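Paired with subunit B in one complex and with subunit C in the other, subunit A is shared by the two complexes that follow.
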Partner chain A sequence: MSHSHKLVIKRSSMSRPPPPPPTTNKDQQHQNPSLQEINIKLIQSGEKERLKELLRERLLECGWIDEMKALCRAFTRKKGRNNVTVDDLVHVISPKGRASVPNSMKAELLQRIRAFLASTAD
Partner chain B sequence: MSSKINGHVSPQPCPHLLVFRSRNGPKPFRALQDCIRVKPPGGRAAIRREPTEVPRCGTCEESSRSRLYACVACAAVFCHAPLLHSHASDHSLSIPGHEIAVDVDRAELFCCACGDQVYDRDFDAAVVLAQTVNATATTSTSGSTAMQCSVAGSQPENLRKRRRVDYRPWEPDSGEHISRGNQSIPLLDATNASLVSSTQQPWGFRGLNNLGNTCFMNSILQALLHTPPLRNYFLGDRHNRYYCQQKNGAINGTKNSRLCLACDMDALFSAVFSGDRTPYSPAKFLYSWWQHAANLASYEQQDAHEFFISMLEGIHEKVEKDKRKSQSPGSGDCCIAHRVFSGILRSDVMCMVCGFTSTTYDPCVDISLDLEPNQGGSGKSSSAKSLNSFNFEADCMRPNQNCGISTLKGCLERFTRAEKLGSDQKLFCQKCQVRQESLKQMSIRKLPLVSCFHVKRFEHSSIRKMSRKVDRYLQFPFSLDMAPYLSSSILRSRFGNRIFPFDGDEQDASNDLSTEFELFAVVTHSGRLDAGHYVTYLRLSNQWYKCDDAWITQVNESIVRAAQGYMMFYVQKVLYYKESENQGTS
Partner chain C sequence: MSGPNEDNNTQLSSHIFGDLLDSIIVDVASECHRIAKLGLDRNLEEEEEEMRLSAQARARVADPSNSSETNTKYVVDIFGQTHPSVATEIFECMNCGRSIAAGRFAPHLEKCMGKVIPISSYHISICLYLSIMIDSYYDREFCAIP
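Presenting the complex of A and B:
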């Protein structure tokens, strides 16, 4: 009989994939780290920067970056170069961008984060 | 021949930025520059007050926001997600003069009131300088291109295989079919059958007799005879020697005015493509060239590359008399020689003290490349090492680098690498108004139709009064993508999206048909400096032929790969026609 735990997530932005269920009993002993704490751990160890570089490489390989650039160009052409701000572009392409990230990539990043947290757990 | 183009296309500052600048003195971002940190894996610049700072929003305490901005006026950090909550906007509205902020993870300036990115030249120069210093400091002695590896360490050219234009072979349309039939005489028909050699060599193959150490000329001529755009120009009667001589004879009337290397080329093309397979003696051509390049007129062996350059100059000079045409070689409008071979090189020189970069453009008809000083690029001399005794672990700095073998791509990488000029080569910086140590980087602004690479195998030292030849093998590819050596690629990987003079480069690069090239001719040199021989290998529809003066034979591609390349000719892939299997059928 296993307790079901949920990672505490602060819903700060657009939709996220559902949290994965815990796989070991260890989690029941220790308090689950908050998203804030995980984030700080990732930043301070430098892992976040490494993960970001990996993500950039993957997104480049699969053409996602080219797609986003094309979307931005199309939007800018429609609106006129002088009528577009960074905020506009972020607003327009963020939903499409998030939706088109391949699941395999999400899985890979998630796996790496889990592995990192497991390796640095106290 | 160089022209300074410093036409920086900078975006107009927003009113808030203007007010900010006017209120904060000549260097409004000076304090910010001290907070620029360059992070190891990707070489990206970030803004941190302390090196280990974890930035978080001052209002909501969140550090996991995707966009965090530090107010330039008061250094407070806030999050910014315009439609949900933007504590950065709140801050900018609450205190006038606090509209300008900087993205802490991207080191890019932002106006919270306008919701848009803004630019400051000095700030961007400081960011680039920090990235440059960081990159050159971490460059290992193997000379790996740290400057170009600012994105995830992997080479962009391996990842981007997108062609902008699909390659389609040319087929004559119905109109061209008809005119071919009506107005042309078949050169190869039943009556000429005796002239067709039994080996069925492709069109336009004819040996060139050696007139006495003229293999330097023969080898270049064979390459030019099969340079697709050049061949098409002359076979398309674009320079008619009869008409040209008639015209010039009428204007000047003297014998010298009839010197026209283009006419001689026209005659050569006619002779070689006539269908006659017996070796041809280019005596008239040699004589004409002697008249043009009097200093090189002798019976001694000459340098093939020098001959090539002087030939192009000779063709260009003739056209100079036609005042209607544009004279700038860079545009390629002046003459067929430049139309085919001329590209534009860009040189960026950056002052290591203030970051000010000056850019110049120069046309070029070829690129001369240095061979690596040592095998594998290690600091130690490896003249004792043979190809068999390599220690792959030690010499391989990157897993995808071909250990120890010099490659054409390696030479091009080194050619476009940012190079720190020695302290004895300080260049004048316009901003500092003194000579400063500089960083120089070459890149290709515009690709020619045909790229000629010249390997500097002959070293002449006037000091020691000696010359020597470098025999080291250089590996060259049959297909070459020049994209990584373009100015847009080089500068983008170095500067990211800082405002640096792109001069509308981005648009030009996207208008280029393609950056893919195909090898079609290799001029090789064998033997010693004083007693050597030039041979040209030609490639037609994936079949290789060896042109050794009067003898042309079919050879296996492995022979060509193993040859000692001296000059390599690559043509844009869209111009590289595959010959049809049937010759001379209509």
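Presenting the complex of A and C:
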């Protein structure tokens, strides 16, 4: 929907929370092409958008998005809707959200990402 | 494929997946934030309304002087108009002709438009116009950089 695209564009330039710190060791930075390069290829080829849509669709199908929305509503009810910020809600749903992605779904996405990486390897 | 390359690819993939997931989390949070601020969650609206009314009633009962002005969120201005705590801009609903406060407009429209049987391009343009207005209201009120 056009609304959510507009919000995404705005959000990414404003109060978007910092990306999670890299969990990998420092060696990675010496060995592989930079994550930035890969990201650029992902975006330019349109694959990033396709992957995101695929993930969103899967998450919708399995009820994950409904679950996250319920968490947001519960938090909003407690804190009061005039006091709630986007950052609040991100922090509310991130831990549970990251932990509750079905393994099969994660595997499917990872496989597709790996396929993309293989296809762009020089 | 060589070992180290595979490991790198695995780590990279995980990182990229994490990025995608985080991005969707932000989307969901933003959408819920918007719904909350625009009063589109009807259950929440009804709950809040009940809580507000009961708090008012309790305050009225408890206060010996029983001055209603100080105990409610409604202030009467010099023109005799009340200003509720939701957004004060008043719009006339193109559908039913009623005057609706901006903060109540979205939920009103949800109910109101449901009663229209013929869908004309007029109605569609009004809906588009209104959603643009509601969006810009949301942006101005809740997304402006402090």
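Brief remarks follow.
By our rule, the second predicted complex is superposed on the first by the 91 of 122 C-alpha atoms of A that agree within 3 Å, B and C clash if a C-alpha of one lies under 4 Å from a C-alpha of the other, contacts with A are read in each partner's own complex, and residues count from 1 in each chain.
Criterion: a residue touches a chain if its C-beta (ideal position, glycine included) is under 8 Å from a C-beta of that chain, and two chains touch if they have at least 3 such contacts.
All figures in this text were calculated on a predicted structure; none of them were measured in a lab.
Of the two partner chains placed by superposition, subunit B and subunit C are both touched by A:Thr85. In the superposition on chain A, contact of A:Leu109 is made with subunit C only, not with subunit B. Greater residue coverage of subunit A by touch, when subunit B is weighed against subunit C, goes to C. Of the two partner chains placed around the shared chain by superposition, subunit C is the only one that A:Thr76 touches, whereas subunit B remains out of contact.
Using the contact criterion defined above for the overlaid structures, shared-chain residue A:Ile93 touches subunit C, although it does not reach subunit B. Look at A:Ile40: by the touch rule set out above, it reaches subunit B but stays clear of subunit C. Residues common to the contacts of subunit A with subunit B and with subunit C across the two structures: 10, 35, 39, 52, 56, 85-86, 90. Of all residues in subunit B, only 39-42, 52, 54, 62-67, 81-84, 110, 114-117, 151-152, 154, 156, 159-160, 162 touch subunit A in the complex they form. Only residues 3-4, 6-8, 10-11, 14, 16-17, 19-20, 22-24, 28, 31-32, 35, 38-39, 42, 48, 51-52, 55-56, 59, 65, 68-69, 72-73, 76-77, 81-82, 84-86, 89-90, 92-94, 97-98, 101, 106, 109-110, 113-114, 117-118 of subunit A touch subunit C when the two sit together in their complex. Listing the residues of subunit A that touch subunit B in their complex gives 10, 12-13, 35-36, 39-40, 43-44, 46, 49-50, 52-54, 56-57, 60-61, 63, 66, 85-88, 90-91.
The touching residues of subunit C, counted against subunit A in their complex, run 4-5, 8-34, 36-37, 39, 41, 43-44, 47-48, 131, 135, 139, 143, 145.
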